[in-house]
Amino acid sequence: MKLSVKRLMGATAAAALSLGIGAGAQAASHSDTFKIGLVTFLSGGAAESFGVPALNGGKLLIDMLNKGELPAPYDQKGFGGMTIEAVEIDEAGGATKQVQEFRNLVQREKVDAVLGYVSSGDCLAVPPVAEELKAFLVLYDCGTPRVFEEGSYNYVFRTAAHATMDNVSLAKYMTSRGIKVDSYAGVNQDYAWGQDSWADSVASMGVLMPDAKASTALFPKIFAGQYGTEISAVMREKPDLLHSSLWGGDLQAFMLQASARGIHKRMRIALAAGDHVIPQLGKKMPDGIILGARGMNGLAARAKGGELVDLLWDRYKAAYGVFPVQAPFRMWQGLLGVKSAVEKAMKANGGMKPTAEQMAAAMKGLSWEAPSGTITMALGNGHQAIQPNAIGTTKWDEAAGEMTLVDVEYYDAECVNPPDGVKAVEWIKAGFPGAKCD
Amino acid sequence: MDLLLVILVDGLIYGAWLFIISVGLTLVFGVLGILNLAHGSLYAIGAYATATAVGIYFAYGGDAFPLGSYIVMAFSALLVAVVIAPILERGLLRHFYHRDEVIGVLVTYGVFLILEDAIKLIWGVDPLFVYEPYDLLGMVEAGPLFYVAYDFLVIAVSAVTGFAVWYFLNRTRRGKVMLAVIHDREMSQTMGVNVDKVFLLAFGTGVFLAAFGGALTAPMISVSPGIGVNVIIVAFAVIIIGGLGSIEGAALGAVMVGISRAASVHLMPELELFIIYFVMAVVLFFRPEGIFVRTQTRKI
Amino acid sequence: MKALSDIRITTALALVVLVGGGQLLPDWALFLMTIALAKGLVSLGIVMQMRAGLVSFGQGLFFCIGAYVSGLMANFTGVTDIFLLTALAVLACLAVGGAFGPLLANYRGIFFAMLSLSLSMILYGVLSKMNSLGGTDGLNVAAPTFAGYAPEGRDLSMTLYLYTVVIVVFIGAMLRTGFDSQHGLVSLAIRSNELRVEYLGASVRRTNAINYVISAVLGGIGGVITGLAIGHVDPEYAYWTTSGEFVFVAILAGYLSIPAVFVASIILELVRSFSNLYFPNTWQMVLGVFLLVIILALPNGLGSLFQRRREGGS
Amino acid sequence: MSDSSTGATPALETRGLMKSFGAVTAAHDITVSVPEKAVWSLIGTNGAGKTTFVNMVTGYLHPDEGTILFQGRDITRLGPREVTRAGICRSFQIPQLCSELTVLENMLVSLAIADPKPPSFFRKARESAAEDRAMQILKRFRIEEYRGRLMSELPAGVRKLLDIAMSMSGHPKVMLLDEPTSGVAAEEKFPIMDLVMEALAAENVTTLFVEHDMEIVTRYSDRVLAFYDGRIIADDAPGDVLNDPQVQRYVTGTLAPEATS
């Protein structure tokens, strides 16, 4: 035991020392740079479809901002003249790990803001910590409405609309395009995203198409990869519509296996968040698939056009060889939101580097232009964004050799998002009270 | 009746796939005594290698003879085995044969972590697609539904693989030696078996089967990061149900899990997530070492 | 008597070093230490079972139960008192461990590992399905209070850290006594030759079941502290990779020394934290290489540097 | 017979034990009755059924048919632990020791378990009283100098003695020794047997031992059971059994009378 005491002391001292050195090496960032933590999936199943495209888009935009290559109102270099310096963190590893990493970013790396989180579990876990540490946190991607419905934060914002509008818009699309739906089935992943998506879908259909019957609801395990059994089950039911919020590799595998068995010839398929697999699937994505992109992102944004969209679209395509799908669009709207808030705060404080409080005050209720349309921090007491949405139908353009979106319907942000203070599920069930649609 | 038929067909298709991804795992455990957590990564590497090779095949005139892509698939798996098995077995695993089974699990967990990132470094994060072999054989009508003929090819290949492994172990000299090692390693060693060779051969076969599983799966999925993670835990459950080290057990376990899962998807979809663990817990409750392993009385 | 006073000295010293050292640590390191010590408790439970030759790949079960006790109590009853939450977690784990312990005590080796893993995965599946408990996204947990004292900021981190330190040191001392006890020696004998132990007239099942229940309680305490420190619980706590990390720390530490378990846990947290920052794209590879190097270089774990086994000989 | 208060109750009795492993008969109608304090030996070629008999009596194997009585009590279905607790202990052909523990610790384990109470979580295993007792026993078997050694470092004879010493720490009424001198150098055999038999006799332990060495059989046992093919083919005093032609043919492997000397 004697030995172990000495060793224990030695080891603890060594550990303490190494921690101390680690802390000392990280000097507080200078006032001419703005250090921002970017947290997104760099490994695992969500890296390919969400994390890496978003990070690529983010790095591209940061580079362009630092060089001052964007048009007004974003023509000021960096954030208000400060050079943007990004610290990348892999979001893989679960919420527990992300809470630790977030603390490290704020307390050890001394970042000025953190922009990140795709997983809704992380988006629920991290905000209380941001609040405790009084750190400026912007959630850029995750979909769960629970963040600001269950919590209320001063330092936390989400610059993307929550997932409610995805399925509300889909249901509206069915009615407005006159698609006959007597019964519909669902294939969604067995975790919060898939379960919520199906629940929203059933609720929206219940309001807009009360006669349509929800038949089988299947919940394969996330990253299952094999969907033969689910496809059989759906084909046996013969519904008019198949709803799915699958994403990434799962969606690609599902579409390969389902289209090989001709499922798209027997029923309409609506994919709540499916645009991001088009660059990979290309022609293997059948025509006539109803497609959402969780906002006016990707192909829908391109179809609408605009200076900002065209510039970023071309630069992204030149840099990475594929066109930008929803993930980089959400990263862009997040970064531009932070830029707007920082610059607004600097206007108010006389050009100083803003504190977390000043940035939070500036961002609250803010509205700005992004490639995906006008983003407004309208919900959650000015902390949760709403944004316009678009739904379209796939059509392969043989001549151009690329997938296009036809019959696109655009929805105003206030048409497919609940008003402030109303919970999303209740809003849907009540028949969308207060929705402003043109 | 239709429902039963559909459950059976779906269950068999899934079970056949499960068998291919788990038979190598059980073989490696039987001979080397190592539960290889990196099996899933080898599966993923097999899928990536296949996607790359078949992609090249079609890019350079494979369309003239599309069925040749099946040969390319098998060959890719073989290449993976020939390159990786000696490195892992000779370079790493052999140091742990005398250690605890659990150490083997941790070592291969380390290999799994390394390979996951290595795959990303080699192939990047963009998914690869090789759907040509999947569509090649067209569709088949079975009962009320259409299936992709490739699914039945998987059943056939799975059956052939199972038979080949069985034939090798029971009817060839090398196989019998391997079987002897499975039964009693020390005894075989004293009988003059070159255990080193047997281990390398067994591990190589295991890697080949894992990679072959990936090769067969590649055409029906998007080959992207993280595909190996799910495979490993499912394969474990299958071989634990069947009895570690038992080829017959892997077959029975795969069919049991396949049919239970199909029944659950068709009848009680809400149970799908943990049906596999449920089957495993029930089997272990009644047969603590799996179905095909007889508890051996130790000689004292 | 001499041995007893040795334990007292060690305990007092560990307490002084950890409490004193804590005052010097920056905020992020204080948090890291709290988590590492709490998780170390879970690994200590595995070490306890390792001494009798069993390795549980399902300690996430109890880690998760403990964490959910804190999450559910905070969300549904408003109880945030850490003493009460810890006591409840202990009770819950005693109940679950007591129910499964005698059953699992019949299993050995890889089957014990895999059966405990599947129990944990069943909890994972059930929690993922329970939307009322937050489903896969989990629940947020309110900050703990300490018998009416409700600190914030660094005070909160420090108080939670001190609470963890006291528990860890106390349990460490208890288990040292337990390792050196008759029960502990019989556990080691089971690890070597369980047939012999049965032939001497002791119940291997009973010993294994006791070890399982104790490690269940340690898992629960680790879980409740981690849940409160992180401020969020989700089914991931019961996922097999979580359990795998605990096993990794246990193997890294070896079964000889108790302080080694906590040092191993701290090392893992440090390596992970820094590799994630400096190698965001290859941190898994760094972790994997680290793991292999440790297993190859220190077959008996870090503990073999701390404490030699052969004290009986001299 | 069930009246255990009379001296007539045998210490150990088996009635019609049958055991087969597939096609191999390991025990066929084994019926013996061992009186208190008897010292019997069991002889037979490998596979004759001696160890199976020991395994059945000590609960490692259960007979397919038949009954085992210990002091008149039916113990047929008990496992090793209950049989040990009842008072029957055994040693092993290959010593069953705890390889990661020292000699002294092995002894301490057996003493801790021999305690009627289950091993305590709070009582130190190495308290001085226990260590003293352990050392006493090691001294009695003259292996105290090895107290700090691990099993891999021990000579075969020491392992055998430690194995038996551990078995004896529970103060058994009946002891079965499975080949106590196998693997031991020829010159050590008698000293080892002397030590063991002396210790057993001091505690009045009824003893059965399996043995191949006929010199040891004649010197230490007062009765011999000869096993062949799962049956007892002879059951008598050593001299008579060794002169039995069947025993000479099937067990000692020679018909020449001088072979047994």
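Chains here go by letter, A, B, C and D, matching the order in which they are written, and residues are numbered from 1 within each.
The rule is short, and it goes like this: contacts are C-beta pairs under 8 Å (C-beta built on N, C-alpha and C of every residue); 3 or more make two chains touch, one makes a residue touch a chain.
What you see is a predicted model; the values in this text were computed from it and never measured.
Undergrad: Any chance you could name the chains that touch chain B and chain D both?
TA: Chains that touch both chain B and chain D, as defined above, are C.
Undergrad: Of all chains present, which has the mean Cα position farthest from that of chain A?
TA: Using the mean of the C-alpha atoms as each chain's centre, the farthest one from chain A is D.
Undergrad: Counting C-beta pairs in contact, which comes out ahead: A-B or A-C?
TA: Higher C-beta contact count between the two pairs: A-C.
Undergrad: On a C-alpha centroid basis, what's the spacing between chain A and chain B, in Å?
TA: 35
Undergrad: For chain C and chain D, what's the span in angstrom between their mean Cα positions?
TA: Centres of chain C and chain D (C-alpha means) sit 44 Å apart.
Undergrad: Quick one: report the Å distance separating chain B from chain C, using the average Cα coordinate of each chain.
TA: 33
Undergrad: Could you check chain A for residues that touch two or more other chains and list them?
TA: Chain A, residues with two or more chain partners: 43, 190.
Undergrad: Touching two or more other chains, which residues of chain D qualify?
TA: 96
Undergrad: Indicate the residues of chain C shared as contacts by at least two other chains.
TA: Residues 3, 128-129, 195, 281, 283-284 of chain C each touch two or more of the other chains.
Undergrad: Please output the residues of chain C touching chain D within their complex, sorted ascending.
TA: Residue list for chain C touching chain D: 3, 177-178, 180-186, 188-189, 191-193, 195-203, 206-207, 210, 309-310, 312-314.
Undergrad: If you look only at chain C, which of its residues touch chain A in the complex?
TA: Per the touch definition, chain C meets chain A at residues 3, 6-7, 9-10, 13-14, 17-18, 21, 24-29, 31-32, 35, 128-129, 131, 134-138, 140, 143, 152-153, 156, 176, 226, 230-232, 234, 236-237, 239, 242, 257, 259, 263, 266-267, 269-270, 272-274, 276-277, 280-281, 283-284, 305-308.
Undergrad: Which residues of chain D touch chain C in the complex?
TA: Within the complex, chain D contacts chain C at residues 58, 79-81, 84-85, 89-90, 96-102, 104-106, 108-110, 112-115, 118-126, 147-150, 166-167, 169-170.
Undergrad: Which of the residues in chain A come into contact with chain B in the complex?
TA: 43-45, 47-48, 52, 190, 216-221, 223-226, 228-230, 232-233, 235-236, 248-249, 252-253, 256-257, 260-262, 277, 280-281, 284
Undergrad: Which chain A residues qualify as touching chain C in the complex?
TA: Residues of chain A touching chain C: 1-5, 7-9, 11-13, 15-16, 18-20, 22-23, 42-43, 87-90, 93-97, 99-101, 103-104, 106-109, 120-121, 124-125, 128-129, 132, 144, 146, 150-151, 190-192, 195.
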